[in-house]
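Dropping the structures in below, format is C-alpha cells.
What follows is subunit A paired twice: with subunit B in the first complex and subunit C in the second.
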Partner chain A sequence: MLELAAVCLLAVTQAMSGEAIAEKIANRIADDERTGQITFTLRDSKGRERERTARLAVRETDEVSRMLLLFDRPANIRDTAFLSFDYVAPEAADETWLFLPSTERVRRIPSTDRSGRFMATELTYGDVKDDFKFGLADYDFEAGGEKNGRLVLIGTSKSPQVARETGYGGFRAEIDPETWFPMLIDFADPEGEPLKTIEVNEVQRVGDSWTAKSFEVVNHKTGRSTSVRVDDSRVARGLSATLFDARDLDRAGSQLP
Partner chain B sequence: MKAIGSAGMARTTGNRTWQDILLAAPWLTVLISLLPLFWFVYGLTLVQKDSSVDAFVANDHPAVAARDFARETFGIEDPIIVVFAEKEGKSALNEPLLSALRAFTEEVQEIGGVAPGVMSLASKRAIVTNDAGDLEAPLIVGDPIDPEAAEQLVASMPPFQGTLIAHTGDALAAIVPVDDPNHAEQVVSEVRNLAQRLAPPGVEVHLTGVATMNSRLAERIADDTKVFLPLAAVVIALFLLWALKRPTAIIAPFIVVAGAAIVAVGSIGLMDGRYYLITTALPVVVMAIAVADSIHLTLAFQRQRRLHPELSRRAAMGRAMRDVATPIILTSVTTALGFLGLAVGSPMVPVAEFGLVAAAGTMAAGVLSLTFLPAVQVYLADRKGAGTSASWMDRILRGLATASAERPLLACILTGFFLAVALAFALQVRFDYERDNYFLAGDPVLQADQILQERFDGGNVVDLIVDTGEDGGLLTADAVAKVDDLQQRFEALEGIRTVSAFSEQISLMHERLTGAQPGSLPTSDHAPAEYMLLYEASGEPEDFDNQIDFGRRYTRLRGHAATGKFSANEPLVEELASIAADASADTGIDVQVSGRLAVNDGWMKALRASHARTIGAAVLFVFIATVVVLSSLRQGLIAIVPVMTGILLLYAAMAVFGIDLAPATSMCAAIAAGLGVDFGIHLTKALKAEPKSPGQLLPAGYDTVMRACLFSALSLAAGFCVVATSGTPVLRWFGLLIASSAVGSLLGALILIPALTALYQRGKQKAHA
Partner chain C sequence: MRLDGELRMAADGDGVAQTYALLRPELREELSAWLSFRAGVRIEAAGSRTGLGRLDGFADAEQPLEIGDDARLELDHVTLEADLGHSRLTLGKQTVAWGVLDGVRITDGFNPQRLTEWVAREPRPDRIPVWAARLRGEVGRLSYDFAAAPFGSVTQVAAPGDAFEPVAPRFRGGYEVGVTATNPERDVPGGFGESPRLGARIGTSFGRTDAHLVALSGPDLEGVVRFNGTGLEVAHDRTTMLGVDLVRPAGAAVLRFEAAYVFDQPVNLRPASLPMDDETGRLTVGAGADWYAFGETYFNAQVIIDQLTSDVDAVRPDRDVVTTLRVRRDLGTDRWTLMAESLHTHGTGDGVLRTELTRQLGGPWTATLGGDLFYGPRQGLFGQFGDASRVTLSIGFAL
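Up next, the complex of A and B:
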C-alpha cells in the first residue's frame, strides 16, 4: 500500500513545474525551537581529518533564524560559543558573534557574504541560512523529471550578480517528494563548472519538521569535504531568551544542557 | 682479458681466423652487427627527461624526506615566483599594478599544473581589529582599488615584507605552487605569458623559483641537444677526414659513433633511467670515445696497405685487425670499467646512470669497431699506393718519443716538475655549489633571482619543521611559545636575513584582539585555538596552510639566507641542526631541518664523502683491468701513468679556472681515468709487440700508434670542446675539464711511457751486467 501511495504521489508531483517544486521546498515546515549535538568532520584534499563537536540550539521565527553553537570538542575550543542571527528580510544584515573564553570577550564577527565559508567547512553561510531550501528570488527553476523515485529540480541563477553573491551559477537537485527535502544537490560555480555536491544520507523528523541528520559536502574544485552529523535532535520549546543574547554568550554553557 | 686479448687473436675455425670469417661475408657482418641497434632505437623512444637539480640527491636522504614532507604538508615547496617590478624607487602599491596582481592571482589558478594556494598580496589578508569586528581584512579591496588603504594594511603585516612585497616597496611577488616542479616547462610558459599580458606598462615581469629554474634547465638541455649533436658530428667529421685522408673513409666511423651514442642513450630508456642535465653531454662523450677505435683500426689498415701492397684488401684488413683488435678490446673494457667506477662509487643517481650507460656505449663502440667497421672500411678506406714518407706530424711525435727514450731521467724530472706544479694547483680545488652557477650571467632567471635577492628576502630558504606529536598540538600557548623561541634562535644565526613563523600570526591576533604589547604571546593555553576559530569564522582557513598543517600538528619556520652558496651555508645548516636537536631534546617537540639549502647541503656532503671513493673505484677498476689485460704489473703501472697525469691536469685546470667540485664536475676525473688509459694501453702494447730495428729505440709501427693516439686525443678534446659551447656553465666546465684531461693524458703517454720503459730496460740491463 505504501509503495502504491508513493508511486501515486510521484505521478502527481511529476506534473509539477519547477517553480511549484521550489515553493514546496521553501514552505517546508521548520520547527521553531530545537536542540541537538552537531559534529563537523573536516577533510582536506588528502583525506586528513579534523573534527569539531558542538551543542546546537535553534530558534526560528518568521523574521529571524537564530542559531547557537557551543563547542565541546576539541578541548582547546571548549565553551567557545558561536551565535548567528539570519534575518528573513533581505535588506536586514545578518549578525554573528563569537565568545572566546580565553579573552572573556564576545567578538562581533562582520557580516560575511553568502558565499563565504562557514567555520572552515565546505558549507557557505548561505547554505546554513537557506537550510536545504532554495531562494525563490535567486533562481529560475525548471522541473527535470524523475530519477530514482525523486523529483529533479534544476535552478539557474537569475543574474550574474546573484551568482556572485551566492557563489552558485545554478544547481541540480534530487528532491524526496514525501518530505520535500533535497537529498542530493550538485552546485555549479558562476561559470557553470561543477563546484560542489551536498548529499544527504539521512533525514529525521523533529517535531513537525524534517531536518538533515547526516550529510556530506564535497568541493570538486579543491577536493576538500565536510561531513555533518546531528544527534539527539529534539524539540526544545521554552529555551531561555538569554541563550540567544550576544551579551550573555559567556553564560551560554551553563544554560544549554 | 688475456683469453680475449691474445688467445682470441689466434683462435681459428678450421684454418680461418675470426677476422677471415667476419670479412668473408661483409654485408652479412654489417647486417648482423647493426641489427641490435634497432632495440636501442626503440629505447630512445622511452627516454624521459628530469632536469631537476635535486635528481643528484638520494631519495632517502633525511633532508629530502623532510623537504618532501614539507611539500606534502605545506604545499609551496619549489614554486614559480613571479616578480612584478616597478622602476626602482616607485611604489608598487599603485592601482594598475594591484589590479594586475589581483587578476593574475585569480587567473593563474586556472592554469593546468598550478597547485592550489597561490600566494600574493591579493590572496592574503591582514590581521586587523576594527569597529566592525573584523579580525582579518583583504589587503586589496575595492573597484577601483584604494592603494592607500592597501598600503596601510600591508604596512601592518610585517610577515609580508620581503616575501610578497619588496623591502624597497617597488616590487610585488606572487608565489605559484605547481604540481610537479621537476616538469613545469609548460606551466612556467603559461604563467609567464599571463603575467606579461596583465602587467601594466612599465612594469617588468621576472620569473624565478626552483620550478622556473628546473624549467630553464630543461630548455637548456633541449637547446644544447640541438647544438651538440650536429656540431660534434662536424668536428668529428673534420678530424676523421684529417686522420683518414679519404672522404669515403669517414662514413663507417660515423655510423660507429652514431651507433655507440644510440646504444648509450637508448639504454637510458630501456633501463627506465632519466635524461638528466649531465646526460646532455653523454652522446658527445660516447661519440668522442668511439671515434678513437675507428681511427686506430683504419690507420692500421692503411698502414698495412702501404707496407704490403701485394696483399689483398681483405688480407690487409685481417692483419690490421690482428694488430689493433687486442688494444681496442682492452681500451673498450678499461674505459667501460672507468665509467662503471662511477656507477659503483657515486651515490648520485644521475652520475651512476651516466657511468652505466656510457659504459654500454663504449662497449658498443668497441664491438662495432671490430665487426661493422672492418667490413665496410675494407672497401671505403683503402689508400693503396699512398706515400710512405713520414709526415711532419709523425716526425714531431717520433722526435718527442725518441728524446724521452734517450734521456728518460731528464724527461721524468721535467715532467715531474710540471706535474708537481699541477698538483700544487690541484690541491686548491674545493667542494662548493651555488645554484646561480647553472646559468650564464644575464640569463633571465638569474636576473629574476638577483631581484629577489636584492629587493626581497631572497630565494635561498632553509626551514625547521616542528612536530608537536598530536593533532591540534600546535594550538596551545605553550607550543606557540616554543615556536617563537625557535624563531628567535633561528633568526639569530649568522647568514640568516629573516625567519617567518606561525607564532608571528598568533602574536598579531593576540595584540589586535586584546590590545597586548606588540610581539607578546597569549598565556592562556586555549587562546591560540580560539583565535584560529575566530579567524576561520570570517576568513579563509587555508590562509595559514603554508605555515601549519591541516591537523594543526606541524608547523614550518622558514628562514631566508643571504646566499645560496654551499660553503657559506654549511656552518649555518649545521648550527640549525644543532638548534633542532636541542629543541627536540629540551622541549619534547620534534624539530627537523628542511628546505632548499638543507637539501643542497645534504647532497653536497654526500658528494664530498663519496668523491674520493668514486674516483678511487674508477682508477682501481682501470688499473686492475690494465694489469690483467697486459699480463704485467710493470706494464700496468706504466700504462696507468697517463691516467694520473690526465687527472692531475684536470684538477689543476679546475683550480686555475676557479671551477668548484660540484655534481657535474665531480664525475670528470672518473671519466678521465677511463679515457686516459687508452693511450697508455695502445702505446705500451705497441712498445711491447713490435720488434725494434737495429739502432732504433722505438718499434717501426710506434709512429702509427702515436699518430692514432694524437688524433684520438684531439678528437676527444674537440668533442668535449663542443660540450663547452653549452649554454649552461656547468656543462661548459665539464667539456673544458675533460678536454684538459685528454691533453694531459696524451702528453703523459707520449713523454712518460717511452721514458719509463727505457728506464726499466736500463735497470734490467744493469742488473744483468
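Up next, the complex of A and C:
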C-alpha cells in the first residue's frame, strides 16, 4: 500500500514543472529555533583529515536567518565564536561577527561573497545560507524527469553575474518527493565544468522540518572534500536573546548548551 | 582544565636572540546558572637577549613572581562573573579590550601592555591583566561598559640591554643611550587607589554603524623622564582621554574609525641640562578597512595620525603618521596560514616588515616560522630596533 502511495506521489510530482519543484523546496518548513552539534571533517587531496567540532544555534524569521557557531575542537580555536545574520532580502548585505579569544574582542568582519569558502570547508557561504534550497531569483529551472525514485531538477544560472556571485553556473539535483530535500546535487562552475557534488547521506526530522544530519561535499577541481555531521539536533525555542547578540558573543560559550 | 603554551626561538645577525617557553594552565567553572569562575596563570622562562621585561612597571599587587633569574609566574587572570540579566559584573584580574582598529591602541587604553618584543608579537596588543571591577550591559538601544582598576600598573618594556630595549631618544627623555643614566626606575602609582584607572564606554547603533564613546582617566601608561630632586625617574602622571569609535560594513568591506583626545598628555621637552616635561593636548585618529580579495585573502589597511596639539618643543615629533597593512590567507584545508604585515612611519621612513607561516601539525600542535625586518633611522618608532631583525620559529600547543 505504501509502495503504491509512493508511486502515485511520484507520478503526480513528475508532472510538476521545474519552477514548481524549486518552489516546493524553497517553501520547505524550517524550524525557527534549533541547536545541535556539528562536526566538519576536512580532507585534502591526499586524504589527510582535520576535524572541527562546533556547537550550533539557529534562529530563523521571515527576514533573517541567524546562525551561531561556537567551536570546541581543535583546542587551538576553542571558544572562537562566529555569528552571521543572513538577510532574506537580496538587497540587504549579510553581517558577520567573530570572537577570537586571543584578541579578546568581538569583531565585525567583512562578509565574503556567496561563493567564498565557509570556514575552510568545501561549502560556500551561499550553500550554508541556502540550507539545501535553491535561490528562486538565481536560476532558471527545468524538470528532468525521475531517477531512483527521486525527481530530477536542473537549474541554470540566470546570468553570468549570478554565476559569479554564487560560484555556480548551474546544477543538477535529485529531490526526494516526500521531504522535498535534495539528496544529491552536482554543481557546475560558471564555465559549465563539473565543480562539486553534495550528497546527503541522512536526513532527520527536527520538529516540523527536515534537516540534513549527514552529508558529504566533494570538490572535483581540488580533490578536497568535507564531511558534515549534525548530532543532537533539537528544536530549542526560547533561546536567550543575547545568544544572537554580537555584543555578547564573548560569552556564547557559557550560554549555549 | 585547559593548558596551552609555546616554545620559541629567534636568531638574528649575532646568533640566538631568543629562547622562550610559555605555559598557561587555566581553570573554568560554571558555579551556577548565573555565576562563573575563571583562573589562569602564566609561567614563562627566557634565557636569551630577548628577556622577560622590566618589572618596575607593575604595581606590587599585580607583579609576577620571579623564579630565579630567568623564569616568572604571573597570575594571568582570575575572575568571578555574575550574569545579572541585562548586565554582567566581572570582578578580578582581567583585561578590558576596547577600540576597533587592529594592533594599535587609540581608545584601547585600560590595560597596560607587554612591549618586551615591541610590536613583534601575535596577538597584538598583548594586554596585561589588572585587578578591576567591570559592569557592562544594555539599556534600550544603548550599551554600557564601566571599568575601574585601583592599582596603577603601566606598560612593560624590555630590560636594559635586551634586544627590544627602547633606544630612540624619544623614549629616553631625549637622551641617547649612554649619554646619561637613562634607565631610571619607574615611579609607578601602585598603591590601592593611589591613581586608579576609570573608564566608560557607551555604545549604540545607527543602522549598520556601530558607535561608541569612550572616556578614560588614569596614569599615563608610557611616562616621561623627570628629575625628582635626587635623580631621574619615569613619572606616570594622570591623564584624561575622550574618544570615539565607529564601525560600518560597506559592501564586502568593513570600515573602522577611531579617535581619541588626551587633554593633558605629558611629553618630554628637548633636553637641556636636566630632563624637562610639559603637558599638551594629543589627538590620535585612525581609520582602516578590511576586506577579502583575490579569492579568500584577507586584507586590513589602516592609517593612524598621532598629533600633539600644543606648541611645545617636544622630544617626540609633533606628528607621527603610521600606516599598517596586513594580509592573511589560509591555504589548503586551512592547514597552512600565511600572514604578512607592514608597519611604516611616514616622515622618519622607518618601519617593520613581518611574516609568519603557520602549519597546523597533528593533534594540538602548531608550528610557526616567521621573520621581523626592522628598517629605517634609529630615532624612529621601529627603526630603533634595527639590530633586532630576526627569524623566529615557534611550536605551540593547546590541550
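The rule we apply is simple: the second predicted complex is superposed on the first by the 257 of 257 C-alpha atoms of A that agree within 3 Å, B and C clash if a C-alpha of one lies under 4 Å from a C-alpha of the other, contacts with A are read in each partner's own complex, and residues count from 1 in each chain.
Rule of thumb we're sticking to: contacts are C-beta pairs under 8 Å (C-beta built on N, C-alpha and C of every residue); 3 or more make two chains touch, one makes a residue touch a chain.
Source: prediction; values computed, not measured.
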Room on subunit A for both subunit B and subunit C (clash or fit): clash
Partner chain in contact with A:Phe82 - subunit B first, subunit C second, else both or neither: first
Partner chain(s) touched by A:Thr103 [first = subunit B, second = subunit C, both, neither]: both
Touching partner for A:Arg50 - first (subunit B), second (subunit C), both, neither: both
Subunit B versus subunit C as contact partner of A:Pro194, first or second or both or neither: neither
Which of subunit B and subunit C A:Ser254 touches, first, second, both or neither: second
Subunit B versus subunit C as contact partner of A:Pro160, first or second or both or neither: neither
Subunit B versus subunit C as contact partner of A:Ala93, first or second or both or neither: second
Selected from 80-88, 260-268, 296-304 or 314-322: the stretch of subunit C that, after superposition, runs into subunit B: 296-304
Subunit A residues contacted in one complex by subunit B, in the other by subunit C: 42, 44, 48, 50, 74-76, 78, 100, 102-103, 105, 107-110, 112, 116-117, 120
Subunit B - residues contacting subunit A, complex: 72, 116, 132-135, 471-472, 475-476, 513-514, 522, 524-531, 533-534, 536-538, 540-541, 549-552
Subunit A residues within the subunit B interface of the complex: 42, 44-46, 48-50, 71, 74-78, 80, 82, 96, 98, 100-103, 105, 107-110, 112, 116-117, 119-120, 222
Subunit A residues within the subunit C interface of the complex: 42-44, 48, 50, 74-76, 78, 93, 95, 100, 102-105, 107-113, 116-117, 120, 224, 247, 251, 254
Subunit A-touching residues of subunit C, taken from the complex the two chains share: 2, 4, 30, 36, 81, 83, 88, 95, 97, 99-100, 122-123, 127, 138, 143, 203, 208, 210, 247, 249, 251-254, 290-292, 296, 330, 332-335, 360, 364, 366, 396-399
